[in-house]
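What follows is one structure encoded as structure tokens, with my remarks underneath.
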Amino acid sequence: MRNILMLIVFLTIISFFMYVAINPGDFNSQTGEHFVFGSPKFTDMDNYFIHNAQNQTGANNVVTSIVFDYRGFDTLGEASVLFTAVLGVGLALRLLRGDKK
Amino acid sequence: MSVWDFIITNAPALAIAVPLLGAFLTPLIYRAGRKTALIWVLSVLGFTEFLALLLVYLVNTYGIQVYVFGGNPSTLAIPPDSGGIPIRIIFTVDGMSAFTALISSTIGLVAGIYSVASEKGRGAQDKFFALLLLLVVGMMGMALTGDLFNFFVFLEINSLSAAALVSYRIHGGKAVEAAFKYAVVSSIGALMILFAIAILYGEYDALNMAMIAERMYQTGFSAMDMIAMALIVVTLAMKCGAVPMHYWVPDGYGEAPGEISAMIMVASQASLYGLFRMCFTVFGLSANTHSLGWFLIILGLLSMFIGVTMAFLQHDIKRLMAYHSVSQTGYMLLGVGVGLATLGTSAFNQYGLFAMEGGIFHILNNMLYKGLLFLTAGAIIYRVGTSDLNKMGGLAHTMKFTAIFYLIGALAIAGIPPFNGFVSKLMIYESVYQLNPFLAVVAAIVSMLTLASFLKVFHSAFMGPKLYNVKEVPKSMLIAMGILSFFIVLFGIFPNIAMTYLVAPAAHALADPVGYITRVLGGGA
Amino acid sequence: MMNPFNPSISTPSGIWNPLVWILVFLLSLLIAYVIYLKGEKQRKKGMQEEIFLSGNKADGNTHIKASNIGWGYLEAMKGYYKLMRDIHTGIINDYVGWFLGVLATMLLIFLFWGGVR
Amino acid sequence: MMSKIVRTQANFLYPFILIFGFYIVAHGHLTPGGGFQGGAVIATGIALVIVAYGYDRVKSWIKKSTLTATESIGLLCFILTAFIGLSTSFFYNFLANSGLLFGDKVSYGANPGYLNTAGTLPIMNLAVGVEVLGGLGVILMYMLSYGKEVSK
């Protein structure tokens, strides 16, 4: 019973994803193109990074310039995720020898 | 530039950076001794609280605050050469963000004071306090950020640190199991959110919430947006513990130490903030807010009813309170859901906004009285050593202050005047009644059952013959409980203090997505 | 902007003032005390001072355990609680399963009721 | 502890793994890679040594507290670099194109690259590399030590 229900749920979600993937998408009357899955409607932020990253940050690797400069705060967050994980492992896998009863 | 100007300019960044720095330094400082580390942790938490208060003041005085990480100057959201798009990570602090940041830092400070005594003598406290600070960082970051990916990062910090803290009392592996369940559920949720963010980023080439909302409004709400919205809304509903995705709540809250239960409860309110932010600001302009609002209302009704009826069954004090958090979350979803369902119609100004104010006021009240109740539960467990209500009795003979604090919290959560719970519940009943009387009837029944189950706890834990010869809990725990009780009584008798400075700005900020978007996209300073 | 130290809140259909409520509450306490004093004078000593629990004489040190409180309510709602206990399995696969179920439900709701405004 | 062949291999490979890891970290702003990736490579070096020599011997060479301190110090360097930029804004790249340390300009387009560029990026890369090496290393140590203690 549970398995059948889960199968129905799974198929529902998958069918939505499949619909989006093969959907012809919105029609842009100006360019005569369809926006299908995988062809973005906008590319201006990508182009900004490609054209300005080298000049602004002085890094040849644009990916690193995004990771550590434009979105450096996210990287700090990800680094603290690792820090949190380490602390959590240390906390959960500690032995209760030093704890009071 | 004086220090004061410097702090005011950089307040949104400092509100995250200071507790983060504090967390990184705590394991190092703990080597100098517990007392030094405690002074450090408490002063960091105090400074964070000050920054959150400052943010509330700044938002109420000068409107929405924008802070650009790495920008030159830090208020320039859109670089002039970018063609009108935000490039960097932007913190956008409006009334609702400042409100959530304030309750997060407050519960952090209270939990910090409480754990001075309650965790004394346990191992790995350097990690415990660092994780406590990181949990505050996670909550504050989720509240303050205006960037979707940044939101995900802080959601991850929030979930991981909360899961780790749940496992602090190993408790024969039970706490670790609860932490594992919490970690699995929240990791799957976080991955779903990441997936949704990837969809939105692929479609709109932006990660800023305002920019995505603007572009979604321009190009219309597509099928992909719908999937992204469903992923985000359902995941955040799970993270805030709405029925039928609440199963991790009793496990997690039940096994965590008392002050950590209170903090995780507020961490799930931060997810609730994320849910409201997404529903109103990101999808509010394009999606069908009427059906979205009814979705939240139905989740809220289920949470209220199932939460409270399951709570009555429990005989473990922490699990009982955990189920009550589920049912209290239902009130918030109900209040704000009514606001969302009526958004854009004439009914919004008649009662929708008032319902939202009620729901948001309930978040604040829930933080106060639910936090207090979790702290009293922690105090009982600290002295008695068991969380089983069947083994308790007669504690009011010796733990008088704990009993009084418990009574204040229980009466407040049951909505007995003159405590603060009554005010927000009244606001929710009165406004929800006008959308559909059935909603208000369910809410009132749930309130009655809440009172019944807290009387059960009071009777079995505090009344009856003296079974345990225990002392009152140490002072720091009493101080922490006293702070929360003071605000419960204060906001019960003068609800307009909270209404004016916190709740009304928050509700208006949520109801005005256009203001949010134009503040970020419509020119720099 | 409203006055933050004004205790009364106006709701769509009325007004709420905690101070007035406290006043009324104290007043009714006073009235109750007066009635109590009146009865106290003519109270008879004897059987009525003894403690009974479900018709049996209790010694005053009896404590009702938490699981026994609300027995009637739990008995009346037996069917509902059986269903709820069955749902709350505690298995993590089910937790995720419910999450996916709600996700599918929400997608279907938005498909049929329209996601677009 | 593994056989002598494995230990010899580990002795031989360990410096190369370290050098490769630090290369990835240091050249993060020029070539694919960066702090996270390089730190993970160095941590695999630690894993190799643990596999070859066994936890009990490695325990006496590397202390868990040393690794946690390494991790904290790496993160501190990272966040302090961000704090220094606070005179303009948090995470402001105050060194880029300034002519100071790592402050040389780059020309637009494909070029061979030069180590002394990119401002705060190499510093942050290094900090993150140190943090990841400490963090992953100490996770390994925690898990192994817990397994040892429980199985005792």
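Just so it is clear, A, B, C and D label the chains in written order, and each chain counts residues from 1 on its own.
Heads up, the rule we're going with is that a residue touches a chain if its C-beta (ideal position, glycine included) is under 8 Å from a C-beta of that chain, and two chains touch if they have at least 3 such contacts.
Predicted, not measured: the structure shown is a model, and the values here were computed from it.
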item	value
Pair of chains whose C-beta contact count is the highest in the structure	B-C
Centre distance in Å when chain A and chain B are each reduced to the mean of their C-alpha atoms	24
Chain C-chain D separation of Cα centroids, rounded to whole Å	56
Averaged-CA centre spacing for the pair chain C and chain A, given as whole angstrom	44
Residue list for chain A, restricted to those that touch at least two other chains	16, 69, 72-73, 76, 78, 80, 83, 85, 90, 95
Multi-chain contact residues (two or more partners), chain C	94, 101, 103, 107, 111
Chain D: positions in contact with at least two other chains	68, 72, 75, 79, 82, 90-91, 93
Overall pattern in which the protein chains touch one another (line/ring/star/complete/other)	other
Chain-chain contacts as defined at top	A-B, A-C, A-D, B-C, B-D
Chain B - residues contacting chain C, complex	180-181, 184-185, 188-189, 192, 220-221, 225-227, 229-231, 233-235, 237-238, 244-245, 247-248, 251, 286-289, 291, 295, 306, 309-310, 312-313, 315, 350-351, 354, 389-390, 392-394, 417-418, 423, 426-427, 430-431, 434, 452-453, 456-457, 459-460, 463-465, 467, 492-497, 499-501
Chain A residues touching chain D - in the complex, by the definition given at the top	51, 54-61, 63-65, 67-69, 72-73, 75-76, 78-80, 82-83, 85-86, 89-90, 93, 95
Footprint of chain A on chain B - complex, ascending	20, 23-24, 27, 69-70, 81-83, 85, 87-89, 121-124, 127-128, 130-131, 134, 137, 141, 149-150, 153-154, 156-157, 160-161, 163-165, 167-168, 170, 176, 179, 202-206, 215, 219-220, 222-224, 227
Complex contacts: residues of chain C adjacent to chain B	1-9, 11-14, 16, 18-19, 21-22, 25, 60-67, 69-70, 73-74, 77, 80-81, 84, 87-88, 90, 92, 94-96, 98-99, 101-103, 106-107, 109-111, 113-117
Touching residues on chain C, where the partner in the complex is chain A	94, 97, 100-101, 103-104, 107-108, 111
